[in-house]
Every structure is written in structure tokens, then in C-alpha cells.
Amino acid sequence: MTARLWSIAGAAAVLVLLVALPAFLREYSIALATKMLIFALFAMSLDLLLGYTGLASLGHAAYFGVAAYTVALLVVRAGVSSGLAFPAALAAAAVTGAVFAPLALRARGSYFLMITFALSQVVWSVAFGWRTLTNGDDGMPNVVRPNFGFSLDNTAAFYYFTLAVVGVATVLLVAIVRSPFGRALRGIRESESRMRALGFDVWRYQYVAFVLSAAFAGVAGALYAYYNRFVGPEYLYVIQSAEALIMVILGGAGTLIGPAVGAGVIVFLEDFISSLTQHWVLVLGVIYVLVTLFAPRGLIGLVNDARRRWSAK
Amino acid sequence: MTALTIDNVSKNFGGVAALSGISLDIESGERRVLLGPNGAGKTTLFHTISGNVVPSAGRIMLFGADITRLRPDRRARLGLARTFQITNLFPRLTVLESVLLALDGASGCGMRLVASPSNARVMDMQAHGLLERWGLAEASSRIVRTLSYGEQRQLEIALALAGKPRLLLLDEPTAGLSPAETRRVVAMVHELPRDMTIVMIEHDMDVAFELADRIAVMHLGRLIAEGDQAAIRSNQQVTDIYLGAE
Amino acid sequence: MTWLIHILNGLAFGMLLFLLAAGLSLIYGLMRILNLTHGSFYLVGGYIGLTVMQFTGSFVLALIAAVVVVALIGAVIERFFLRRFHLDELPQTLVTFGFLFIFSDLSLWIWGGNPLMLNVPHIFQGSVPMGYYSYPYYRLFLIAVGFVVAGGLWWFQERTRLGTMLRAGVDDAEIARALGINVSLLFTLVFAAGAALAAFAGVLAGPVLSLYPGADFEVLIFAFVVVVVGGLGSLRGALAGALLVGIIDDFGKAFFPQFALFTVFVPMAVILVMRPTGLFGRQ
């Protein structure tokens, strides 16, 4: 079988597994799987910007959190129907991205990292400090899940909803990175000056990538708001941005599937290890160090190396 | 018609005059070679033409249009292409992807989030044709950073030609190449369409005299001689500089 | 008079931030590494100083012990975990983050979850009267120490051969080696020195701020803000940024307690948007 057929078969197998999951897992695990899917999307959204366009952002939680807060504010404060809040949240995240992009794109490299960090911290401090609007540190509970004729309060039902949304988003992301636009992003990542010499308006491509990336992060953020039925400033905090970055790096930047796997692994490990020992943070730290040493291109890098050695035989 | 007019261009970098009052006219279809010792300002001049550096004074006209302050990508869309002295490619992309990007950039179709299958096939054919002509066909699926230096230099030129430019800037195209590779590059340049204007920076005198219609010699940021081969060969100043410098 | 108190508080806090930012900036300037483990160096240094002081009663010994131990830890991390990823930012980020986690949990394990404070050393106990108020000697000492360290680092950077090498910002390791500079040793020393500065700050901070789990993350964020505002790789920037942030933070807490953190992040964002490389950063 050709490599392409293997990929399709693999994707199909994963899809079947994901759909069949709730049948043989208990409720707690289904909820965990839902969380893994949400963060897989969050990580993939960052990968579009970091892995494909070459822009490392330490402020991605801003779009994640803005979407979540949009859901919470509309549903809890304005009484908007939860289902309608979803597209509004997506739009809010995209608009935030559109506003922040020109500011952040004044810099590259470490400075870009810093500006994105700064901008997201401003958003965080607004959410944290504006108690009358957001309840500040206490956060906003009572975020109702959407009702499309059937309730999503059931864990399995919400899992399927999340799977559908994340599935559609993933298909879109794959289409984007495989398109000529995606190829141009990679070219920009490799050499901005070369791309300009070839006639590309590099800034415009980076801008669009930024906004798309923010929009997808927003989808994840809205889903997370529904998942927890609660939104708090931690959604916006730099730790959340750093976690996303770690998920991408651990999984393997620039592959989409790597960050998805990285996110799944980290969410799973956080849960699993904390049930075994109170020193789960220590264990995670050790794992990160070990992965860096033995899989510097991420987990997917390991898989790719193994595949190359296999086909070289 | 004059392809390129450089009108009294100067460039200062913090007190250092990299270029002083350079004026040049290059006719359409001409093969012009820029000669000069290291540090003469040749690459800086190229940068002002391609838009990577904005001149401190003077104007640059491309086919009659003032491009002095235009961004590099705009100039590329006006038909300007260049290669870089230090190889500037896409290390982790494949050769084929690099050429496809060059074709994309030249077509100026704007951002395409969806690739129509017929369009993709046409581009694929064009890309393979280009690679064939430059002897890189077998390397098409190889990752750029695994190519040999010679192959990378060839790819540099292939990328610049993908868009069928009207003005081509070649910055030391044969630097570091073996004699066989050098001959191949010279042959390729000879075969380029006669309506394409080519400006070249060269250190290899044989290559320069073989390809040039006219030659311009620079020294310490100034233009010190200009003319056809015979005129340059017999120019005393030029011989002094070269005998002194090399 | 309250203004003066606020400014002095801001300066004192700022000086602590300067010690942290100087180390972070030094490491970045030379090695292009954004050291996420820096917060750990601060906290672990503080905790070690605390323990040494509990056993010996000597503040000086506490300082020395903290600085030496943390410098060694830093050297080991650089030599065995960071050196191989020279200029490869993603693995550097992951590994320094990993160590941040490791030290965070280890220090919780060893020293527990309660906030701990060091005792103010004898000589600096008490305060100097200022109008209606009195201002603690220790904080004045902090400000003084900050200036001394700043002066020392400046002298080192401008007047010694090593300092010149650092300023040259060894951009090309090959050329540096060709010039006879032992780049590997330099990297290890600088990283260890940065860690030492952080540990120094941790012990000095002990008597005024407390040491608690999570302080490593918080202090790291502040240090980032300072370095970013001042300009990555600039000593002057670290000092300017630290004092600015220290003072803004104090006034912010005093006058807009609800928005205290906002007052720090907004100027940072504004400065960055106008000058992406910070106040004194290299373009």
C-alpha cells in the first residue's frame, strides 16, 4: 500500500475509534476524552501560527479566553441562547486576532513572543480586574450548554458534539495547510526575504494566518466554556498560553497531528499522573525534559524517524 | 527602451558611504556585468534595485516606472527577479515545493485557500519543466537543505527564472561552483531569451567577459568605468585596481 | 510624604526585579535563550538561604550558600541540557519549562506549602524616621545593594575583556572560537552567573516578600515584563525597566488595587507596540 493509502486508513481507523469511544468508557473517561479533543484543537490552532508560519506566540490564550468569556457574558449576563453565543464567540476571537495582529507583527522572533505575551496579559488583567463585568477571580459559573433540540448535558452527547465540531475544524485546518496558501506560509517560515523576492506580500499572509489561528483557538475556547460550564481568568493567563506552546512543541511543531497528539498526551497525563501521585507536576517536568532529550522534534518526530528507518530497510 | 535606470543613487550606513552617486542605464535585452573588488558596493547596489535597501539619495526606474521606494515584493510583481549572494532558499521544503512557490509568487493570483485540480496540474507541469531545464528533475522531491552547494545555486537561479522576469539580477551565480558547474550555468544564461535583461555580479573574469555585452566597474562605492569589453580591458584605472586588489 | 514611601517601595521592589532581569537579559543577550527556569532559581535560592539561616543564623552565609548552590545547578543545566540545543528555540523552551516544573514541585515537597519568610538580619532591623512615617532600613539596604550590583555589572561589561566579549554578543560562535574565546565555558559561566543573580534576589527578597509555591511563576512573569520593557540583552534596559515596573506596580497597587496588574501590563504593551525591541533593546 502506498503511503497515502496508509494515511487514509489510519485516519479512518482513528475516526472509528473516536466515534466508538463512549461505548466502552465510563463517564469520567468520556469527559476526559472530550477535554483532550478541545485542547487538541487549541494546540492545532497554535501550530498553524507557530509550526507553519514560524511565528511563536506566547499569547494564544487570549483568543481562547476571549471566546470563552464571550460565551459566558452573552449567556449569563445577556441571556442570549447558548447556541447563538457560539458563532459570536468565534467572531470575537477572530476580531481580537485581527486587532492584535498588526501590533504583534511589528516584531519577529523573541520580540514577537513578548508582544503576544504582553497583549494577552492586558486582556487577562481586564478579565481579572473588572469584577462587575466578569466577577474577576471568582469567575462566571452557570454557563449553559447549547440545546439544539436535545440537551448536551449528557457527557456522551457533549462528547459527540465536541467531536463533530473539532472534526470539522480539523478538516478545515488540514485543507488550509495543504493549500497553496499553506505552502506559502511554510515558505515564509523558511525565508521571508526569499518569499518577498518571489513577489509575495509576506505581511498579508502572516496577518491572515494570525486571524485564522485566533479563530480556531476561539472555537476551542467556546467549547471549553461549555465543557466546564464555567469561565475564569485562568482561561486567559500566560500559563494557558505556555501550556499550548508546550503541547505544540512536545507533539512536534508544523505537523498539525503532532500538536493534537501532544495536547492529548498532556491532558491525559495531567489527569492520570495526578491520580497516582501528588507530585504529578514533578513527573510532568521530568517527562518534558526527557522528551526534549530523546525527541527534540517532538513525539511525531520520533514516529517519522521510525517510519524513515522502516522504509529504508 | 531602457530597462533599468539608476539615477545618482547613494547609500550611507551610519556614516559609511556604501554607494556614492551611481548612475547607470541598462537597455532592454542587455547583458550587463558588474565588476569590482570586494567591498565595492556591488551587492548593496543590487539591494537598492531589488528593494532590500532604500537609497539615501537618487532614483531607480524600472521600465520607466519609479521604484525607488517600492517594496521588494511589488518590484518582483513588476518583473524583477534576483538571486542572492548567500544562498537564500527554503531549507526544509522540497525542491518541487520551492519551484511551485516561485510560480505562485509570479502568477500573483492572490491567496488561494483552495487549489483547483486543473490549475494544480498545469503548475506541476510548469514546475517539472523548469526543473528539467535546470537539471534538477531527479531532485524534485528532495529536501532543499540536503542538496549539494552546486545544486542549491542552480535552484536559486531556477526560482528566479520561474516567473519569466523582465529583469534578472544574478549575484555571483558561479561563486563556489566547480568548473563543470560553472560551464553549465554559463550555458544556461546564454540560452535565456534575448528580451530578458540581465545584470550580473561576477568575480570570475572569464565568465564575465564571456557573458557581458557591457561592463560596469565599481570601486569603493563609486562607478569608475563603464563600457564594452574592449574599453574595459584597455582601461588603466581598472587594471590598477585589479592588479592592486588581487 | 506617602509619595516618597511609594517611590522607595517601588525602588526596592524594582531592585529585586533588576537582579532577576539582569540575569535573564545576560543569558538572552549571549545565548539567545529565554530561560524559563529563572523563576525556579529565585525561589530555590530563597528557600536554600532560608534553611541555611535557620541553621546558622547568618544572613551572609545564607546568601553565599544560595548563590553557590544555584549557580552550580545552573551550570549543570546549561552544560547537559541546553548546550546541545544552541539556537534551537523550541527544545530550549520545552526543557527550561520542564525544569521549572521539576523545581516547583521539589521545593513544594521539601519546604511545604506555607509562605515562609526570612528574618531581617540584625544590622538592618529597625527603621529610619521620615516625617509621620518610618521606613525600614532593610528596604533601603535593598535599594543600595541594587545600585552596587548594577554598578558592578556595568563595570564588568564595559571595562573587562570578558565583558567586551559579552557585549559583542557572540553572534557567531565559530568566529568567537577562532578568536580564542572559549565559547562553551563562557556560556556555562554566564548561565551560572544569571542563575546566581536570581538566587541572590531570592534570599534578599526573603525578608520582604515571602517564599511560597507559585512565587517562581509570578516572579518569572514580572522578570519577563521587565526584560521586555527594558529591551532583551540590555543591562541599562534591565535597570530602567525594573525601576519603572517596580514603581508602576507599587503605585498601581496603592491607587488602583482592583486593576493593579493592569497598570503593569498596559504600559508594557504600549511600549512594546511603539518599540518592539523595548526601551534599550537592539534593533
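Just so it is clear, A, B and C label the chains in written order, and each chain counts residues from 1 on its own.
One rule holds for everything that comes next: contacts are C-beta pairs under 8 Å (C-beta built on N, C-alpha and C of every residue); 3 or more make two chains touch, one makes a residue touch a chain.
Predicted model, so just to flag it, every value in this text is computed and none were measured.
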Using C-alpha atoms only, the most centrally placed chain is A
A student comparing A-C to A-B should find more C-beta pairs in contact for A-C
Relative to subunit B, the most remote chain by C-alpha centroid is chain C
In whole angstrom, the CA-centroid distance of subunit B from subunit C equals 49
Rounded to the nearest Å, the gap separating the Cα centres of subunit A and subunit C is 32
Averaging C-alpha coordinates per chain, one finds the centres of subunit A and subunit B separated by a number of Å equal to 42
Given the complex, residues on subunit B that touch subunit A span 50-52, 71-73, 76-77, 81-82, 84, 88-93, 97-98, 100-102, 104-106, 108, 111-115, 159-160, 162-163
Per the touch rule above, subunit A residues touching subunit B in the complex are 175-176, 179-181, 183-184, 186-187, 190-191, 193-202, 204-205, 208
Seen from subunit A, its contact residues with subunit C in the complex are 56, 103, 106-107, 110-115, 117-119, 121-122, 124-126, 128-129, 131, 136, 238-239, 242, 245-246, 249-250, 253, 279, 281-282, 284-289, 291-293, 296
In the complex, the residues of subunit C that touch subunit A are 28, 32, 34, 81, 85, 88-91, 93-95, 97-106, 108-109, 217, 221, 224-225, 228, 232, 258-262, 264-266, 268-269, 272-273, 276-278, 281
